[in-house]
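Each of the next two complexes has chain A plus one more chain, namely chain B in the first and chain C in the second.
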Partner chain A sequence: MKNINKTKDEYKEIVKNEQPVVEKGRNVLRAFLVGGGICLFGQILWDLYLYLFDLSKQDAGTLATITMIFLGGLLTGLDIYDELGQFAGAGSLVPVTGFANSMVSPALEYKQEGFIMGIGANLFSIAGPVLTYGMVSAFIIGALKNIFGG
Partner chain B sequence: MAVKKRGQTFVYSNPPHIVAHASIVGPEESRGPYGEYFDLHCSDTKCGKDSWEKGEEQMAADAVNLSMDKASVSAADVDFLLGGDLLNQIITSDFVARDQDIPFLGLYSACATLVEGLLLGAGLMDGGFADCVVAFASSHYQTAERQYRTPLEYGVQYPPYKQFTVTAAGSYVLGWTGGGVWITHGTLGKVMDLGVSDPNDLGSAMAPAAAELILQHFSDLKRGIVDYDLILTGDLGKSGIKMLTVLLEEKGILLSDKLMDCGAEIFGGEKKYGAGGSGVGASAAFVGSVIIPRLISGELERVLLVGTGALLSTITVKQSETIPGISHGVVIEKLPGG
Partner chain C sequence: MIEIGIFILSFSVGGLICAVCQLILDNTRLTPAHILVGLVILGSILTGLGWYESLIKIAGAGATIPVSNFGYILTKGALDAAQKDGLLGLFKGVLARASAGISASVIIAFFITLIFNPKE
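Up next, the complex of A and B:
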């Protein structure tokens, strides 16, 4: 016979009351500001490339994306992106810089296990599900388009 | 007949002494409010090695060796080595034992591993199976984080109730003479699971086991909170000690200022660390380096050390299983007349 005879629901209530509150409103605001800031920066780069170089709109956009991916990777390596993530939550997770972070962070983490079994095997450990279901949904949409889209 | 057992509690008729202790901590713990209390400090988390795992192994080995040096014992004098850590197959402890010519018993109760080691070590001695036992434990932020969660540099947001694994190791030499404290009782806890399934909220997962253990300990020995100067948990964190306080208050036990948590203390009030530290290294380093000196100086006389472990498996959590908690306790007292 145990001394603590609480049901899971009773205990859940205690946890709910005593746990420090996750400030959702604050998090949403921070995510909006940082996520929006990242996107704004990307847009500025896009316009800048259009202005500076003789590029098509699409090429300038691609170059801006590549720059953002580079910066996401660089800030991950400099130990800054995870701090930004703690502050901004989804704000820094969702943009393309977040995707770069999800690739570079396992690469850094697993390099001590070697290039094949470390980096090679774990590079997609976080981004894998995104890619898998990105491809699956692309396939379904493509198939639907072929069948119904004429 | 089990004459030395009351309920779930070992009553050591010949209480073993904690003859010596050694601790080693990582860079962030060194900068914390208790930094200078610890014996050795690693300036980088790999301890000069080429991987975090090797760094943790080095830290645990250094703690074991230093504790044996302090106690002036060699491997030949030590009957058994008891140890554990947080990694799969308790591999850090296995590697430490590989380099010691001492029979080894590997232990795992997550953050309650150190207390399990002290409790069993004292039992082996009181039972007449040993004259000298070394118990050690270690944990490491980077090695634990990569095993249990996501890569370190991954920019995910952690909730304020998450604890941060402490990078530290501690080793205790138990013997019959010397030192200023002894282990008089040990209470073995039951696994408790009240349905917490969030791997970021281990404090809540462990608190019921700690409450259960404390109530059982008091009832086995017919003692109460008045009989102790300090109830030291390791490690519920700032969030988990609140749940523990509520659970015990409902049973009429007011811990008030007699409750302290190794993990909540070790990093001080820094917000960056969420609910404070966790990991068995916290209690392994903190108890010996901070609490035992207070017992020796007479500031404290009797402490109940309550190890609390979240039995988290990365696989079963993904299968939506809940996280069971375990807790063990030992009573550490100032030697009479010591």
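Up next, the complex of A and C:
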């Protein structure tokens, strides 16, 4: 760095060269494999519960989802899931295990701020927006279908 | 006799949803939170069109494990209850089918946070 007075364009060029290369193809493949693997595991649980217990198909699916939520939360507590996230990106974000991770991870981080503003509030830092827009969207779709039939 | 097709389909459909989201993450400025919210809204719209239920029939957990399934259960609950109770049903139904998933998430996440401590 001989000259510290760079123009804006020169600076942009330097930043661009120094940034790590995002290997998009590799990322997509990892997301596909890990995300697919997590869903496959969910499917295996679903079929296992159907086979083991006297449950309706829907209830067995719900139980499989709850198991996945538990596993996602547990692996977050054990500090494994965030490591997986570094590797898999959206592959570990999108499944419901990632939703559990999005609740536990910030709540753990801010645990020392107490039960209310630490754990209580931060459980919902991402789950809050998800549930808010999910519920509003469900209401709007339900209202539209009720008005226009269909 | 175990049906092997559903395992292949759940893997590939679930994987595909994740791969598309990874493409969006890598090529836009959207954050993971945007992705999750977007998926739930997409799941909700597809439920309104009647497509999400078909996707679940085809792909099983490939459709019920991705977060878009929250959009499905929220909307499905609202639609079912609205048929019975009209406007009141909309409010009664939104969380009806989603109750198990949302309650489990909150309760399990709370206890796990209680038990574990953040890494140094």
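One rule holds in what follows: the second predicted complex is superposed on the first by the 131 of 150 C-alpha atoms of A that agree within 3 Å, B and C clash if a C-alpha of one lies under 4 Å from a C-alpha of the other, contacts with A are read in each partner's own complex, and residues count from 1 in each chain.
Convention: a residue touches a chain if its C-beta (ideal position, glycine included) is under 8 Å from a C-beta of that chain, and two chains touch if they have at least 3 such contacts.
Everything quoted here is computed from the prediction, not taken from an experiment.
In the superposition on chain A, the chain among chain B and chain C reaching more residues of chain A is C.
Of the two partner chains placed by superposition, only chain C is touched by A:Pro95; chain B is not. Touch criterion not met for A:Ile147: it reaches neither chain B nor chain C.
Residue contacts after overlaying the shared chain place A:Leu52 against neither chain B nor chain C.
Once the two complexes are laid over each other on the shared chain, residue contacts for A:Glu18 go to chain B alone; chain C is not touched. Applying the stated contact rule after C-alpha superposition, one finds that A:Asn27 touches each of chain B and chain C.
In the superposed model, A:Leu131 makes contact with chain C only, not with chain B.
By the touch criterion defined above, A:Thr76 reaches both chain B and chain C. In the superposition on chain A, contact of A:Leu84 is made with chain B only, not with chain C. In the superposition on chain A, no contact is made by A:Ile116 with either chain B or chain C. Residue overlap on chain A between the chain B contacts of one complex and the chain C contacts of the other covers 22, 27, 76-77, 79, 89-90, 93, 98, 102, 104, 108-109, 112, 126. Across the interface of their complex, chain B is touched by residues 2-4, 6, 8, 11-12, 14-15, 17-22, 27, 76-77, 79, 81-90, 92-93, 98, 101-102, 104-106, 108-110, 112, 125-126 of chain A.
Taken in their complex, chain A has these residues touching chain C: 22, 24, 27-40, 42-47, 61-62, 64-66, 68-70, 73-74, 76-79, 89-91, 93-100, 102-104, 107-109, 111-112, 119, 123, 126-127, 129-131, 133-135, 137-139, 141-146.
Across the complex, chain C meets chain A through its residues 2, 6-7, 10-19, 21-27, 32-33, 35-37, 39-41, 43-45, 47-48, 60-62, 64-67, 69-71, 74-75, 77-79, 82, 86-87, 90-91, 93-95, 98, 100-102, 104-106, 108-110, 112-119. Residues 50-52, 146, 150-161, 190, 192, 194-196, 201, 204, 208, 211-212, 215-216, 219, 238-239, 242-243, 246-247, 251, 275 of chain B are the ones touching chain A in the complex.
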